[in-house]
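Below are structures written as structure tokens.
Here chain A shows up in two complexes: once beside chain B, once beside chain C.
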Partner chain A sequence: MPSVEERVIAVAARVLRLDPSEIKPEHAFTTDLGAESVQSVELVANFEEEFGIEMDEDAALAVQTVGDAVTFIANVCKERGVDV
Partner chain B sequence: MRLILLDRLNGKRFHFYPLALSRPIWELRCGMTTLGEKLVAKTGASDVACFVPPYMAEVYRAESGRPVNDPRSLRGDDLLVVNGRVKASHVCVERKGPSRIATDADGECLYARIAKEDLPRLNSDSVDALLDSARQSLPAVEEEVPVWDYTWDLVLANPEQLREDFTAAGRSGIEGTVEEPSAIRGSRKDVYVAPGAMVHPMVVLDAAEGPIYIDEGAQIHPYTRIEGPSYIGKKTILLGAKCREGNTIGPVCRVGGEVEESIIHGYSNKYHDGFLGHAYVGEWVNLGALTTNSDLKNDYSHVEVTLEDGRPVNTGSTKVGSLIGDHTKTSIGTLLNTGANVGAMAVVNTTGMPLPKFIPSFAWLVKGAVTKGHGRTGLYRTAEVAMGRRKRPWTPAHQAMWDEVFELTAEARNKALKKGRIALAAS
Partner chain C sequence: MAKKSHPLVDATEPNFLEETFDYSLPPLVRFDGPVIEYVDGEPVEFDPQSLKTRDIVITDTTFRDGQQARPPYAIDQMVHIYDLLSKLGGPSGVVRQTEFFLYTKNDRETLDRCRELGHAYPECTGWIRAVPGDFRLVQEAGLKETGMLTSSSDYHIFGKLKFKSRRECMDAYCQVVDAAFEAGVRPRCHLEDVTRADVDGFILPFAERLMRMSEQVPEDLSVKIRLCDTMGFGLSFPGVELPRSVPKLVYKLNQEVGVPSDRLEWHGHNDFHKVHVNGATAWLYGCDAVNATLFGYGERTGNPPLEGAIFEYIALKGDLSGIQTQVITELADYMRSINFPIPANYPFVGKAFNTTSAGIHAGGLRSDERIYNVFDTSTLLGRPPRVALTDKSGSDGVALWVNEFFGLKGDERLSVMKVHKVARWVRDQYEEHHRMTAISDEELEAKVKELMPQYWAKYKG
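Right, the complex of A and B next:
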């Protein structure tokens, strides 16, 4: 099964139309990956669907980097009892 | 006699969502005034108290300056309790006479006249207790009481109501400024330009089919054409608008493009081109350039509107446009489907195609899918900025009210969010 990081990168690549190999944990969604405001909203919705979780939108949108998103989502999954 | 305006959080209230999410039903408009103003005028009441859903009481108390949800209002005088859905033009309740109560088929009180001497035998601890005891002990009225059933009823009745309200206002002539060259078509007695209102050159006021009332401080910019019956509210600005018949606009709106038979509450903007027809728009709405709503289906069949509970209702009319709740914003080029129900505090982004017919409150529509967007905090911040620009404060009471609206509308939104996540993942 792919790791949380691989799944986050796969979703980010699909939404932002990037090659997954170009996305690194230290990349910021906006400044490095070019995510616009609407795409940030799409990312949150897609992460929720990918992991079967609901995230607080204010907290989710405060996440800056891919690595932080991996940590944030892993924590939410743990809190919700979702296996990843 | 004290008039008690009544709006309870039950029954058919949701028929008036999203507009009634943030105001009592009687604050909805038809013609030149609100339903409540018509009820007050019809009953001749000078003493008015209100009972509203608790979550909006604090905001409404500050806005109306009237006693709101105060049980003391239920004592010490003859009471005429009138549901905000009752049509004022049909209110035939004598100010004096024996106590009686009229209810609808679901037992909801439509009106009750309660003589002061009967109050001691009723429970006036709360308005609900009073009405419960009135139902049990007062004679029931057998007559049918005409009521407003849905928001679009107000839109469809607006042209005729505008004519009646113009006559009732009893004003006519130019008390403001009409700069030359402008043209008044039809009878000048069917036009009223209030003091401080300014009609710029190259404006056509076409009163041939109905009266036009331009209220204080309104500005009508060049190349605007207004067809009567129409009401342009205080300090509203029309910017080269093609203002077809049957409009109620303002106060403090900015409106351009084409607008037909629509009601627009205060402080809303539709600055640019785009068509709005048979629509009802709340306060603090911004419709981006080229936002257009359909109000007629290609097969001329009756328009259906999907209510908050997900149920489509046949309006019985071939012409119904959008219902748009307070603080909602649309992006440039938004295309709203026929009879679209767009909730309050929503952010609607264009897809280039007609959007879903039901967009929940607090939704961010992205690629036609409902998302959480930037959440409530961002929406509240925007609302505060928008209101601040017009010197209106966003208070903790507003936030508390909208928090409650968020909860009230959660079920419909959560269903749409679930579908939205699937749609976005598949896109």
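Right, the complex of A and C next:
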């Protein structure tokens, strides 16, 4: 099964129309990967769908980097009892 | 002047200043001291707290000045508008009077049908030329009061009416006032062009003569004076000289001549965008009545908007005083239905008066509507705040629109993530398809049905 990081990168690549190999954990979604406002929302929505979870809107949209998103999602999954 | 230090008053809880911004009312007008105006070089104090107890009122001229600027209303239309004005002003008659032409059969039939409704307010008054013979019309109509033109600037006295002197003019006006007394009709002298008149040389002597004449008749016939800012030259600022100063005009007539506040009325025009504030200023300085028209429609640039005066009244009084503010929306809908144009950005009734297009404003509205809504427009006007979706609206705007559309409140409201497909569609309209117009409610409704089927089934199914 792919890791949380691999799944986050796959979703980010699909939403932002990038090659997965271009996306690194230290990349910020907006400044490094070029995510616009609506794409930030799409990212969060697609992460929710990918992992079968619901996230707090403000907290999720405050996440800056790919690595932080991995940690944030892993924590939410753990809290909700979702296996990843 | 020495500088004053202003240290931060730190807080962890917000102070929304609700003694002024009580969301259930328009923001209140609160004074923290007397108002001072220099008159003839001497400071004069006015007590704004007196507004709370004075019987300030709104008088209406929608059917007279308002109708001079548009094709005539049908009789049924005027009767319906009159009925709604009565409902709006409530049982204490905040909308105290309205005036009618009396010259045609239709004028008289309109008046009769309005009176047949049996409303106490607005009282019906007439409007005639300053010609003794016209009082027959007022008498026949059974009216107790009529307005009459008594133009007061030399532009009118010499240029329009061709009098040879001010004295000849004043004598002629006073003859008509006498005719009104003889007919048992209260005259309301409309001092046309008062903000361009010689106040010391004509206005005050004429007003003094009218007050002396009034002493000879019963109180209910005594002359009322309407101060007509015919060209919109009036100014509300303190320190302005006569004849343009609204405070000084009101003071001179009220305090120096002794025209009681309840016999003074302000009638403005909007040539310099000062029409509403001048009316409110007249209230403040001692004139009890502000003459207005629905949605400000009147000669040229229009008159004080009646609905604006209504909200000012509530803000000054601090409560609704029996006013039914939602009737303003009913009146606007009715006026639009009879082809009366109201600009989209017109305060209180325009289609977009509480609609925001900016995403950042929509975000504020979504978290707390008080942030970008002037007062509780849902309750007071039946108009919840809305967003119009454009390229500037963002996901916040889409979420606000969708939540309003589904009627969701509190925790039920959908997050921006739940509307992301619709937000993407909106974005693409502008980014991909180079759209130049706002997106209509109908288009959005169709897209919500298509892209959010599970929520559509839940809330609209």
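As a convention for this text, the second predicted complex is superposed on the first by the 84 of 84 C-alpha atoms of A that agree within 3 Å, B and C clash if a C-alpha of one lies under 4 Å from a C-alpha of the other, contacts with A are read in each partner's own complex, and residues count from 1 in each chain.
In this section, a residue touches a chain if its C-beta (ideal position, glycine included) is under 8 Å from a C-beta of that chain, and two chains touch if they have at least 3 such contacts.
Bear in mind that the values here come from a model prediction, so they are computed numbers and not experimental data.
Engineer: Between chain C and chain B, which one touches more residues of chain A when both complexes sit on the common chain A?
Structural biologist: Residues of chain A touched, chain B against chain C: more for B.
Engineer: Answer with first, second, both or neither: which of chain B and chain C does A:Ala13 touch in the superposed model?
Structural biologist: neither
Engineer: Could you look at A:Glu57 and tell me whether it touches chain B, chain C, both or neither (first, second, both, neither)?
Structural biologist: It touches chain B and chain C both.
Engineer: So in the superposed three-chain picture, is A:Glu42 touching just chain B, just chain C, both, or none of them (first/second/both/neither)?
Structural biologist: A:Glu42 contacts both chain B and chain C.
Engineer: Taking the two structures together, which residues of chain A meet both chain B and chain C?
Structural biologist: 37-38, 41-42, 44-45, 48, 57, 61
Engineer: Spell out the part of chain A that touches chain C in their complex, as residue ranges.
Structural biologist: Against chain C, chain A makes touches at 37-38, 41-42, 44-45, 48, 55, 57, 60-61.
Engineer: Where on chain A does chain B make contact in their complex?
Structural biologist: So the residues of chain A in touch with chain B come to 37-38, 40-42, 44-46, 48-50, 56-58, 61.
Engineer: Please give the residue numbers of chain C that touch chain A in the complex, ascending.
Structural biologist: It comes out as residues 359, 394-395, 415-418, 420, 423-424, 427.
Engineer: Along chain B, where are the residues that touch chain A in the complex?
Structural biologist: Contacts found on chain B: 349, 364, 366-367, 369, 371-377, 417, 420-422, 424-425.
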